[in-house]
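To start, the structure under review is shown below, and the notes come after it.
In this document, chain identifiers A, B, C and D correspond to the written order of the chains, with residue numbering beginning at 1 in each.
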Amino acid sequence: MTKPFIKPIITPEEAADKVREGTTIMLGGFNYGGVPYTVIDALHDLGTRDIRVICVDASHCNPKVPQPVGVARLIVNRQVSSMVIAHMGLNAAAQEMFAKGEIDIELNPMGTLVERIRAGGAGLGGFLTPTGVDTAYEKNRQTVELDGKKFILERPLKADIAFIRAYMADEAGNLIYYGTGRNFNPVMATAADIVIAEVDKVVPIGEIDPNDVVTPGIFIDALVLKGGNCYAART
Amino acid sequence: MTKPFIKPIITPEEAADKVREGTTIMLGGFNYGGVPYTVIDALHDLGTRDIRVICVDASHCNPKVPQPVGVARLIVNRQVSSMVIAHMGLNAAAQEMFAKGEIDIELNPMGTLVERIRAGGAGLGGFLTPTGVDTAYEKNRQTVELDGKKFILERPLKADIAFIRAYMADEAGNLIYYGTGRNFNPVMATAADIVIAEVDKVVPIGEIDPNDVVTPGIFIDALVLKGGNCYAART
Amino acid sequence: MLPELNEKEARERIAKRIAADLEDGALVNLGIGIPQLIPNFMPKGVNIFLQTENGTIYAGPAKDPNDLRIIDAGGAPISVLPGGSFVSSDLSFAILRGGHIDATVLGALQVDREGSLANWTIPNVRTPGMGGAMDIVVGAKKVYVATRHFEKNGNSKLMKKCTLPLTGHGVVDVIVTEYCLVRNINGRMVLEEIAEGADPAELQDRTEMRMEISPDLKIMAC
Amino acid sequence: MLPELNEKEARERIAKRIAADLEDGALVNLGIGIPQLIPNFMPKGVNIFLQTENGTIYAGPAKDPNDLRIIDAGGAPISVLPGGSFVSSDLSFAILRGGHIDATVLGALQVDREGSLANWTIPNVRTPGMGGAMDIVVGAKKVYVATRHFEKNGNSKLMKKCTLPLTGHGVVDVIVTEYCLVRNINGRMVLEEIAEGADPAELQDRTEMRMEISPDLKIMAC
């Protein structure tokens, strides 16, 4: 299936409705920044269960931020059956569910996580990293010794759908990012069968210089305009 | 050694003079584009021998382009003792020297080559690629079988010095590229102890938007302004 | 006797046939030589998008023949079309190896019954190097080989098994020569189309690669 | 008796001591907690540059506390300083793991005589996750641990061997607590500086990690 040259702008509900029970999704973002809040909200409202999530962190749900934010809404709503993440320190609810065995969480070092996603998108079979060697993280993982140095052999990650967040798209789906909202988004754009980008605005072709494009439109299936969620508004 | 915040602008001769016999250098560029011609010319004129080169291709030296171009000047001048490259189809002289055993050339698939350089810069121990599996390239290389699929285990590449080429730098060494002159340059910027960028111009800090920077200045040691070589002028 | 074609006719026929096989909207990487003719022969209303391995997404014709800032992998000036962009080589090869290209069209020194391709070296004669071809053949969703059917000495380039070092093993999906279109259908090399005036038995007789003749064999469009 | 300090005094002393140890012009990644105080205590004329693992090169103070488009790894609004830039996470971690950061300063749950650090989980109690710390400790040229010397229960956080799951093995270069500075010199943990009023013998007595007392032991600057 070739992807369309001009990307359709779809509603958050249409985007969320592509997720089925058992679907693996990637969600862009790092802490508050670069998160596709509008699509996540729609996915929350749709209530789809047994979603497998790959993302950086479990977002916020803690005494300081008691109303769950972003993916934490899906977690607290019991829609997420498994996660591959690097951090859940700001989500007390997720930590509790993890401790009780109510959610399957695989923790990866963050650099390993982003590299696994990159490897998935780049058609690599894996990579060797010094990260985590001689720690508990190494257990049950394959190691390779080269020239007397030990590395962990890490495997690629891919998803059925990636929901990413960019600042601006042109009609051909070329994306640019703003500030620290870039984070995992450009890499996730390469590693899923379907890639949907939530953006502040869509501009005519030509308004983004071809030299400034960060994510080429060839990766993108559809665009969603960001909504009014208080976090979407601030990011 | 921390790198300077404001990057010195040095002469091509000063840049070239950092190369010693036995130094491993990376040279940016792909065919005619994104090549640090001015520094290469200075290196040619300096005559330093036994240079080990990592670059994409052996440039031009053939019946259509009889005057050697770029790195081909160093090759023909017998300054290069070894190369890791992906292509030398447009350099008849290099092919002849290779056939006669006068130069040590390791050919890598291009995607493998750029990924090895990236792995070097990113602190990885290597990666697994399907590229070249079940071909002559696989011989004498380590393979790994995962889930019934065979991969070649590739190792990182690093250099003592990278001479790269960008379109524009700001005084803090942040780089942007133009057109197909980008190619291997951003990756090489991460994989050498010393990184020197040849550029069209150097602008004050602030003239490149922090969101548009492709190569952050943290990688850069010094800048060189491009000279009048006919290829430098056209790229 | 197989119909005689001059070099230009043969090359154009191959390019034209592949052009007609490409899907509308496909993102395509073209090798040097015959593949570069394909954009001239796209059917009306069918568009393809070109990626160049040196970093152009949506390549178009050159605007200034002296400007080498935007070139194709062969070094020829090109342009970027509206909606296109430029990427670094690590991303370009992530695109190529990672399955993000719909199709590639490459030339061949040899291609064989196992779907293997040799096009990067003739040991002791000429070693241009593999360039990006090894990555492209493992990564593109569909690999076309565009090649003259015979060597100058009359030997078929469609072999039982390549004797030259491979670019990729079992990677070729479609072979198009001036005389036929052969499709790799789950490892079976099926002769689906034959040039007008060519006899299947004679073509097979002069072709080292054993081809399975499609029960639905057609005359090749050209 | 070791001199008593309140929380604020202890944390600031640690931050100040590390600030004085950092090289002028260094590119530094700071963890959450005590390390974040360091920029306030840089000696006059000495500048460091901050990288945040979520993608800021040259981070500075926030301009608008409501704008979450530029934040640090902890989610707090920041800004980018002139000459800085933003990078994606793959490049950010290439920078961190690839040896391009001059120094990192991290908090600790435990740190031990082998230079190992534990700071990402207390099994069955709290598992925030390792975030980027495991990559940072293997990649930064110099790893500082900024930590209170004792747990609330009086146990020393400087251990013979960490009992909690490690963040990195043999990665720590310098440990700074409110009572001392310990430098890892080729695998030997050397007590180089001690807080004014603290007795080396008593400090060692209350510290599980065996420290080699420098013949040149100094009073810790604070």
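Points to keep in mind about this one:
Just so we're on the same page, a residue touches a chain if its C-beta (ideal position, glycine included) is under 8 Å from a C-beta of that chain, and two chains touch if they have at least 3 such contacts.
This structure is a prediction, so every number in the text was calculated from the model and none was measured.
For chain A, the chain whose average C-alpha position is most distant is C.
Inter-chain spacing, taken between the CA centroids of chain A and chain D, is 29 Å. The mean-CA centres of chain B and chain D are about 36 angstrom from one another, to the nearest whole unit. Of all residues in chain C, those touching 2 or more other chains are 80, 86-87, 93, 97, 138-139, listed in ascending order. The multi-chain contact residues of chain B, meaning those touching 2 or more other chains, are 115, 118, 122-124, 129-130, 177-179, 211.
Chain pairs that touch one another: A-B, A-C, A-D, B-C, B-D.
Of all the residues in chain B, the ones that touch chain D in their complex are 2-5, 118, 120-124, 170-172, 174, 190, 205-206, 210-211, 213, 216-219. Residue ranges of chain D in contact with chain B, taken from their complex: 23-27, 47, 49, 51, 57, 80, 82-87, 91, 93-95, 97-100, 102, 138-139. If you check the complex, the residues on chain A that touch chain D are 30-33, 56-57, 60, 85-90, 95, 98-99, 107, 109-112, 114-115, 118, 129-137, 177-187, 214, 231, 234-235. Partner chain B is touched in their complex by these residues of chain A: 115, 119, 122-130, 144, 146, 149, 151, 153, 155, 167, 176-179, 211-212.
Remark: chain D residues 52-56, 66-75, 80, 86-90, 92-93, 96-97, 124, 126-135, 138-139, 165-170 touch chain A in the complex.
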